[in-house]
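Consider the two complexes below, in which subunit A is the common component and subunit B and subunit C are the respective partners.
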Partner chain A sequence: MEKYVHPFIDACEDVFRKFVGTELFAERPFFSHRDDVYTWDISSVINFTGEAKGAVVISMKKDLAAKITAALTGNFHEEVNEETVDAIGEIINIIAGNAKKGLEDAFRLKISLPTIIQGTDYSISWPSDKTRVISIPFKIYDKESFCLSVAIESTGAKEDA
Partner chain B sequence: MLKVLKTFILGGFLSGRSLDQLEPQVVERHLRQFLVNFILLVGGLFFFYKGITAVLEGDRLFSVYYLVLTAICILIYLVSFLKKIPLSFLSYATTILFTVLFGINVYYSKAPEIALLMTLPLPLIHEFLLGIKAGTIISLIFGAYLIFIRYKFFFISSFDKNTDFWIVSAYFGVLLLGASHEITNKIRDRVIGSRTDLLRAERDQVTIMKDNLKAGIFLMDKDYKIQSGYSKNVEVIMGMKDLVGINFTDLLKESLKEKERETIMDFFSMVINKSFDTEMLENINPLSQFKYTKLGTAQEKELRCTFSSILSVDNEPLILGTVEDITQEVELQNQLSVEDSKRQIEMNAMFEVIHIDPNVLIDFIEDTEFEFAHINAMLKGNRETLSPEVSSVVLNEIYQAIHAIKSNALILGLKSFSVQLHDYEDEIKKYMDVESDFDDMLRLTFQLEKLMNVNDGFKKIFNTIMSFTKNSVKMEQKAVFIQILEDTAKKVASGTGKLIKFKADYIDESIIKTGPRRMIKEMLIQLIRNAAYHGIEKPEERVAKGKDETGHISLIMQKNLTSIHIELADDGCGIDYDRAAAKAEELHLLTEERKNDKNFLLNLLFQPKFSTSQTVNMYAGRGAGLSLVKKLITDLKGTLKIRSGLNLGVCFIIDIPLRDTYTETL
Partner chain C sequence: MKNILVVDDSRIMRNVIMNTFLTLKMPCNFVEASNGKEALYQLQKISIDMVLLDWNMPQLSGIDFLKQIRAIPRYQALPVIMITSEAAKYNVIEALKSGATDYIIKPVDETKFKEKVKKIFG
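And now, the complex of A and B:
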């Protein structure tokens, strides 16, 4: 299963290095429950189907979103506004695009365009009936972090050994 | 030169029509054209000759007459070169012209018998050029004209009346024969035409069937070259066009190795020679299912081919091949088999699970969930850094938690889950010794998820079982507790061929209700396993030592004013300090002066990864058990005392200070 997640991690690191100009550090993954309420401020959901189905979500706090937006556009906004959503949406679009290239070449998968969700206290309706979600925290700017959450299951087309 | 001459003459007679196409209708048309032109040219020449003669004789009237006729012939002939003019027009023009001329000739000729004889081929020409209807009508009119002449005007000549009667009769005879011949031809044509239509319809039907068949059908000759007339789907399935004349095995160049293709050619020769019966050939068909790679691409398909031998019309042996794209079918089958094995695993789990008392099972499931939650807390915590030291601490904790789950699973006889947990332990071990990076952790996390899913499966099964047995008596917590410990001893006993009896002499129920139940249970399980595995001897050994052949393990759990007091005693062989010393020496942990230091050796026994067992198996040998006990006691701020006597057994005495609440970490 992890082979489906790797392209996303690589794409994240790559995109942040190239566009935001900072290194990411992937930290120890852990499990979240699918019904966990997200305390993040902005999230983006990317669905995929094919030989495996599921979703990948990238979530972050508004402080970090503001910093990334500033790094991208040069404008700093305290609150999440249209420009922040656009900037984060764009970053996630690029990440999804990069990951898509790697994934669709190697596996029989189709990947959706990312959807952006903002606000607090929302939960994400994960597509499969899996109860557990694997969360991979990324450390950025020394002590900030954002989170890549993954829920996938094989549809049996190709089971990994 | 000859060719030019031939082209010239033929072109001349055919009015420039090419002879390249030789289909029946065209040939027939050519013949008509040829006849028309022949008549025109021969007639024209004759008239020209007559005209010149008349000019030389000074007969002005006849010279003009004949030269005009010559001109008409040449004119019609030239007109015939125009492609737009239909042949029927030329035929009518020529026939009518010459018929009239023949008629005039019969009337005016100085030698009427010859003129009359010349009219004999007319009906044939009419019928051939104008068709049966128009030809017969014109012939009949001309015949009537002949009869008319015979009766009214013929007596002028010296010609024998009988002769002209016979010639006119012959004329009608020719007319009749010509007509009947044409009619016979027509009927035959019609019969052939209807048969052709029938055949064509059948052919079209076969083509439609062939092209609409899901499988592609093709024929190969003895050199395995694909013959024309293969069905459209062959091209679609093989992803290539224009396959006629291509060697079938060449199409498989990228799908099969050289050796395999040789095998296939051997198989084909067997098909051609009919070396075996059809069923046998089908059984050894190497292409009954194979992965086809389209030449020059990486596109892959699953194909199924069949081959059989047939004889061509010329009695040449041919191979009739079919090819079918079964990619989806195979995919579906794979999915099914994945589902199947999943179901199989579930069924196995079900069988294992239904043997377990539901009360014990739910206790296990909850404990396992608890352990998993603990592992996740470990993964989540200590976020600051991913340094190797922290990772190895985390991994060690995960390892112990997994080990605890495995012990419990083994006790309950959850074989496949135990094996999975055991494998996972192996996996963690691998990363504990080397520096683990993020990828390793990610892999471990995903593997952990699979284990979690197994436990989820147990829960589902448990709920199913409970929905059937709503009214079953809920076992008391204490009974469940004792049951699990009993099962622990039984499990090791049956695994090692020993006879062991576990007995709880006294258990204060309030400890189980309010005390650190999980942690105590865990340490007792590990200690009982330890006693059963290392302490209790095999029956024959016990008998030899003069003991009861059944080993005994007994437990006392009581509450004092300030502490929980636990005693677990066995009547086994006691702690084998020599073996511990030997093992310690092997691991270079021992100095000479400590060799007899029992306290030091005891401490070693409680170190992680230290085991006196010679081999690692599911039950013992990793040294995790006693170190876990040590950790649990330390966490509870308790104390452990050990009383041991050679061949008398071991007694573990644990004291845990009483508190209002316990935080149960393992």
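And now, the complex of A and C:
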């Protein structure tokens, strides 16, 4: 499982550098509990199906989501709105799609459309019951942070090339 | 004046693509669609010179839109550049086999984007 996490870290750093225009600092990854309650304000989830199943989730506070949205659009919104949802959804979409390249020797995957979860005290319904969830905290804009969580495991299925 | 159909479910990404296209300083008119179904409607309504097409979208995906239009004789030569986060080789191969003229992986690199559009329009 751990070896599958690196493509997500690489994709996340690359997306923030090239799309958002800022560098990230990845901190030490850790195992999360599947039923952890999220205290972030917004999360965006993409599910994987195909030769593996799992999900990747980006979570952050709304202030950071607003700054990232402003970096992409020039518009600053204090509250989460349609543009914030679009920005965070597109970022997780690009991370998931780019991470597939680093995983292509292991398995062929399909990615879902992003789903947005807003509010506090929510939990993520991970697709696989047994897979461990790895969370990677990232530092951004000096003192702020967000979290990327990944759970992915082979289904044993092989799809036609 | 070229009519460029920009198909992406993200408005932010449509703006990024249109702004990147504008750096070519080519006279153009943008037509926007947020999924393949809307894109089919726009294609029937307006004479389009190029489609810039995302892959993952609701209602009708970019790859299914591409397969549908390539089955219609008058759209077989229409330039379609896929602009998508789908970076795996098997995705690129599927898109090219399905009739994509070219393929760009998000985040969009402005230099590569301009090269690929210029290659098509000359």
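Convention: the second predicted complex is superposed on the first by the 142 of 161 C-alpha atoms of A that agree within 3 Å, B and C clash if a C-alpha of one lies under 4 Å from a C-alpha of the other, contacts with A are read in each partner's own complex, and residues count from 1 in each chain.
Just so it is clear, contacts are C-beta pairs under 8 Å (C-beta built on N, C-alpha and C of every residue); 3 or more make two chains touch, one makes a residue touch a chain.
All figures in this text were calculated on a predicted structure; none of them were measured in a lab.
Looking at the shared chain after the overlay, A:Ile134 reaches subunit B, while subunit C stays out of its contact range.
In the superposition on chain A, A:Glu13 makes contact with neither subunit B nor subunit C. When the shared chain is aligned, subunit B comes close enough to touch A:Phe25, but subunit C does not.
Of the two partner chains, subunit C is the only one that A:Thr73 touches; subunit B does not reach it. When the two structures are aligned on the shared chain, A:Ile111 is found in touch with subunit C, with no touch to subunit B.
By the touch criterion given at the top, residues 1-2, 5-6, 9, 25-31, 131-132, 134, 136-137, 154-159 of subunit A touch subunit B in their complex.
Interface residues of subunit A facing subunit C in the complex, by the touch rule stated above, are 14-15, 18-19, 72-73, 83, 86-87, 89-90, 93-98, 100-101, 103-104, 108-109, 111-113, 161. Subunit B meets subunit A in the complex at residues 331, 334-335, 338-339, 376, 379-380, 383, 386, 391, 394, 438-439, 441-443, 445-446, 448-449, 452, 456. By the touch criterion given at the top, residues 9-13, 15-16, 55-58, 84-91, 105-107, 109 of subunit C touch subunit A in their complex.
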